[in-house]
């Protein structure tokens, strides 16, 4: 059974590859961020709105395991599921190559919410994420 | 006689190079922007402050001629001089490789000032740039 | 009548926006490059293959006029047409916001072909581009 | 006593900041990569040379803990020390803000060496890193 609750298909762009002919490591973090944002937008949260209200979700910690490289023009899918742990939301985000189905990278992204700069629970996020939490 | 009024030395970073083994074209625009910002900061203008006051300098037009590529780890210098033309400030910004002194790229960046979203003269910029204008 | 021969729809990613809340100027060049590459791939040209044969298309000159900014999450389309001028291929590439149809940026990208580092006509490109040239 | 064996001072560039007005998370990975490369170059290793010989050091895993954000124009220093663990080289890389000395980010970057695509010990790296290993 599949634990993932959201996925986004993308395609490697030439400028994302470095001299080794593969996607530069930092760009995986861009893919992961973009996927999270698309998910968060889909469930009705508007970042710019939040920021005006003094609410800023931020990455507290990220770990990425690189398994198999992505190449120029290659299509891939980034899948995610979420768990809550104390005040943190842990996003588990995995990237799969569409060419052969292989895992390209596995990651855990720990998000916390700052309200006017102070760490704490966010009613808004708790409500929005509730239907999507992995149990 | 040298027309340049400001210069910034930089060094190519690995991730700025693409599969051809040279700096990706878009990154030259980053180098040019960073050099302008360092110049503008040096003459006492604070971007974040301006933005709060509703004043935003923006690029209206850019043209870059690529002459000789920059390579990983290569040192270069970005030099600039400014001319005023109507409401525009034209930044002429040239990049030279330090390894052989060759011109790597020549550019003209046309900056205009938006005050609360409206194009017009900015007293603040006019005063700040006056001592540096090329005549 | 429409002169464009290829178009690619994209969506602004959060990390492409800067502190002014709009897409950073340099990222337009990424959008333009990605669109050209998708076009070139579509007509059967493989960059990595070419590079191995010593053939490298490079940007000799680019000019971009910025008309209206792109915002986080905004969808846009990048359209292009091509003209040949001497040894150069001129790519005219315009970006339109899908939210209101407004032109966001207009550009001209001059591409030349290096064969083992020497500038010249490329039979391969001439043949591949022939059906697509604007007359 | 200080365990760090190499450090590199840098300054935040405007385009590295996102709409929250702070450096985008992915750019820390660029800072870390650039610092490692400067260190590796300093001890006499040439990446392009290695790549031609079929030797590619790659990141197997990275974890970054974000402590305090970096802002536009802010100066910081990236320090590192290395430990060996099996075939891996673990780079411990920490970023400190120069404005207040605060830790901005702490990271562990696990590097492995591929020789013609196969994971294993690299005599060359073992010899080059030996004088710098933390014991």
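Going in written order, the chains are labelled A, B, C and D, and every chain counts its residues from 1.
Note that in this section contacts are C-beta pairs under 8 Å (C-beta built on N, C-alpha and C of every residue); 3 or more make two chains touch, one makes a residue touch a chain.
The structure presented is a predicted model; accordingly, all values stated were derived computationally and were not measured.
Peer 1: Taking CA centroids for every chain, report which one is farthest away from chain D.
Peer 2: C
Peer 1: Out of B-D and A-D, which chain pair has the most contact pairs?
Peer 2: Higher contact count goes to A-D.
Peer 1: Calculate how many whole Å lie between the centre of chain C and the centre of chain D, each centre taken as the average of the chain's C-alpha atoms.
Peer 2: Chain centres of chain C and chain D, defined by C-alpha means, are spaced 34 Å apart.
Peer 1: Using mean CA coordinates as chain centres, what's the gap between chain A and chain D in Å?
Peer 2: Distance between chain centres, rounded to whole Å: 23 Å.
Peer 1: What's the distance between the Cα centroids of chain B and chain D, rounded to whole Å?
Peer 2: Taking the average C-alpha coordinate of chain B and of chain D, the gap between them is 29 Å.
Peer 1: Of all the residues in chain C, which ones touch at least 2 other chains?
Peer 2: Where chain C meets two or more other chains at a single residue, that happens at 14-15, 19, 21, 24, 26, 30, 33, 47-48, 72.
Peer 1: Once you've mapped the touching chain pairs, tell me: line, ring, star, complete or other?
Peer 2: Contact map by chain: complete.
Peer 1: Please output the residues of chain B touching chain D within their complex, sorted ascending.
Peer 2: 13-15, 21, 30, 33-34, 37, 41, 47-48, 72-73
Peer 1: For the complex, give me every residue of chain B touching chain A.
Peer 2: For this pair, the touching residues of chain B are 14-15, 17-19, 21, 24, 26, 72.
Peer 1: Under the definition above, what is the set of chain A residues touching chain D in their complex?
Peer 2: Within the complex, chain A touches chain D at residues 19-20, 24-27, 29-30, 33, 47-48, 51, 56, 58-66.
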